[in-house]
Amino acid sequence: MNALRRIVWQNDTPAGRVFDSAVMAIILAGLVLDSVATVDDIAARLGTVLGTASTAITGIFVTEYILRVATAPKRWKYITSFYGVVDLAAILPTLLGLDLRSIRAVRLFRLLRVLKVTRSRAVQRLGHALLSVKEEAAIFVLTTGLLLYFAATGIYFFEHEAQPDVFGSIPGSLWWAVATLTTVGYGDTYPITAGGRIFTTLVLLCGMAIVAAPAGLVAAALTKTKET
Amino acid sequence: MNALRRIVWQNDTPAGRVFDSAVMAIILAGLVLDSVATVDDIAARLGTVLGTASTAITGIFVTEYILRVATAPKRWKYITSFYGVVDLAAILPTLLGLDLRSIRAVRLFRLLRVLKVTRSRAVQRLGHALLSVKEEAAIFVLTTGLLLYFAATGIYFFEHEAQPDVFGSIPGSLWWAVATLTTVGYGDTYPITAGGRIFTTLVLLCGMAIVAAPAGLVAAALTKTKET
Amino acid sequence: MNALRRIVWQNDTPAGRVFDSAVMAIILAGLVLDSVATVDDIAARLGTVLGTASTAITGIFVTEYILRVATAPKRWKYITSFYGVVDLAAILPTLLGLDLRSIRAVRLFRLLRVLKVTRSRAVQRLGHALLSVKEEAAIFVLTTGLLLYFAATGIYFFEHEAQPDVFGSIPGSLWWAVATLTTVGYGDTYPITAGGRIFTTLVLLCGMAIVAAPAGLVAAALTKTKET
Amino acid sequence: MNALRRIVWQNDTPAGRVFDSAVMAIILAGLVLDSVATVDDIAARLGTVLGTASTAITGIFVTEYILRVATAPKRWKYITSFYGVVDLAAILPTLLGLDLRSIRAVRLFRLLRVLKVTRSRAVQRLGHALLSVKEEAAIFVLTTGLLLYFAATGIYFFEHEAQPDVFGSIPGSLWWAVATLTTVGYGDTYPITAGGRIFTTLVLLCGMAIVAAPAGLVAAALTKTKET
């Protein structure tokens, strides 16, 4: 029992590392499988294979959950912990025999499997990176919010009359503000009046780096975490 | 009176902090309300509710203004100060009974309420960040201006004959220069001749970071302000 | 004569600074004028005014050239110097009486006036910034060239059959490579095959910052020049 | 023989540097030639010239290969080395007399000539830069992968019903995720529902710098290599 516990809960033995890696690989395989299953062509041709694989993966997750419950040093602490709930939710539809009935609900529960990935060290590093920049991030999120609101209100005043369909309301203009200040520029909405274009120019020159800043902070923090 | 003054003008007491936060929350609520009111669906269904809420918020602002005038340590200094004028302008249409008559004028005065947000510490930090980079920003604004002018003139020479509608004049081509050098790239205007495309390539490789630089400076300064 | 020379050639006196600023202001006014004159509406209504203003500016430039030649410490050195040639070329069409005949040729000579702006300190600072990063810039220009060639060749192989018009040749595909790797993304050309899209993803993830790097180097160098 | 070996394999003599530069110039000329030959107009008019030039370049490569084999200090070591195989593969179709038969296969072998460029110092510097950031790059590639998967799954849930053609499957939605998070934004696919747009906003604000980070790391490492 102690040997099994060490394999399941720690990664200081070769067997423990193999167990962790195998679980992670199966989670990723399941995510790929679930996404590939949404392609109509593949679903039509390989439906049975995909179904079997999906059942197999769920089976492995059930086994993993039983193993974790059986070997947990403090059983109730695990069951009520974040990962305990995630692990259970990821297999709940199967346990309740829901697989055949409501497909959409099952899929939502399956998405919870993404959270299982966060047990990996690399992803937890991302979490630490996010926490270490939370103060600066708060300033930028506030500034970004005000900037997007200001841009949306401004463009609404300049473009509403010329393009009542595209810039029909301030919340609707926010979509333009997001697509523009992130420099994505899909091209579905853009100003056509001289005033709107001059306003866009000024807002872009002053603001595009501010909108990009929160993500930049996370990226910078993620680079630093290597040293720790 | 002294206790009230301390609440209204300072935030070194719990009550003072609650007052500041409440005013800020109501300003933000008002901004959200004004923007939501431009959505036709919502305006049609919730017109009465929105109108009442808007009146209530204006009422609170009137009360706030009276409170500030009444408790200001130096009354005339406040009334003639930047925020004194902003606070008054934000409620002026109501005081003059203009709410029902010219809607557009009222809205412009209401936009002044955005300036009330700048009383918040976080936004003043943005102001300090902007001031601390004003020298570098001046260089970049000048360089960006020359670059945009150069790009617009160049593309006009290359594309005017091939696309007389899109690149009809140099000021009109400036819109292309802005959308391209900020890398937004809406797709409403782009070069189609070989010369115009080669020119675009060279201008982009040399200039896109320069156009992004002023905003980058502000973002960098904003990151540093945390330490102060 | 010495006093005049000091005004024209140096800026250590108030009069010298006024002279420099006035010449710069007139150059910029001329550039704005030339660009505004390409707007059909304005040209039709204000044609005479613009023409007169243009003649006046050229007159000022002629006067400036005569002044510089007359007061230059070493006359021939100035006349044969870079700015001596630029100053002459900017007024050549007028001196030769070409204003009425070939409009296009005149315009090209007028564009030389942009070079007159480079006499300003701020623009020379840009020149120094460019020189200080020329080694790194060379590496990035080479890498960018290879990357664009590689991207264009790759997308040509993947997309040529599916979109023979859009990706008709490798040099033509370079336009796609530029618009994509600079993240401008006009939307006039984009891959539609699975292979082309996967290739685009990989090229973008590996290369978009490299294409942006030369301009980033210049922007960084420009920020540093303040300290000098 | 020793003098020839020094010219071919080293660049510590003027003749050696000329040899290296000449080979590099011919490789680049060959790449330009191959790309220009895909333009129909040019192929039709200059077909014979291009063909002759292509044969000449291949001839030079054959000569280079024979020279290298003849003068290599350790013959078999070169022949079985990476560049030995690349050098051979680049001339293989000619040696086998395939030039007239299967054009496509020949072209694929010709693309191997790009690898010959990597013998240049500047390109090897890029290789070193890539190696020096491989740890951070691994973190970002993993994070980017998860982020793109998460974005694609999310947008599929929000937009699948509204735009079943555009967001038909999760792998198909990945294309949208790539074009959006790199801020390229072609405009071929974009969300139209309120939910999809809010989701896009959040994903962009949190993730766009992370997707740009791997390429940024390479660019930063490339800047540093100058000092070595």
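Each chain carries a letter (A, B, C and D) given by its place in the written order, and its residues are counted from 1.
Everything below uses one rule, namely that contacts are C-beta pairs under 8 Å (C-beta built on N, C-alpha and C of every residue); 3 or more make two chains touch, one makes a residue touch a chain.
The structure displayed is predicted, hence computed values, not measured ones.
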(message) Given that subunit A and subunit D are copies and touch, would you call their interface same or different according to whether over half of its residue numbers are shared?
(response) different
(request) Go ahead and align subunit A to its copy subunit B using Cα positions, then give the rotation in degrees, nearest 5. (result) 90
(request) Round to the nearest whole Å and give the separation of the Cα centres of subunit A and subunit D. (result) 31
(request) Could you tell me the distance, in whole angstrom, between the mean C-alpha positions of subunit B and subunit D? (result) 44
(message) Residues of subunit D that contact two or more other chains, please.
(response) 183-187, 212, 216-217
(message) Show me the residue ranges of subunit C that touch subunit D in the complex, using the header's touch definition.
(response) 135-136, 139-140, 142-143, 146, 149-150, 152-153, 156, 168-172, 180, 183-187, 190, 197, 200-201, 204-210, 212-213, 216-217
(message) Quick check: in the complex, which residue numbers of subunit D touch subunit C?
(response) 31, 34-36, 38-40, 111, 114, 117, 122-123, 125-126, 141, 144, 174-175, 178-179, 182-188, 211-212, 214-219, 222-223, 225-226
(message) Using the touch definition from the top, list the residues of subunit A that touch subunit C in their complex.
(response) 183-187
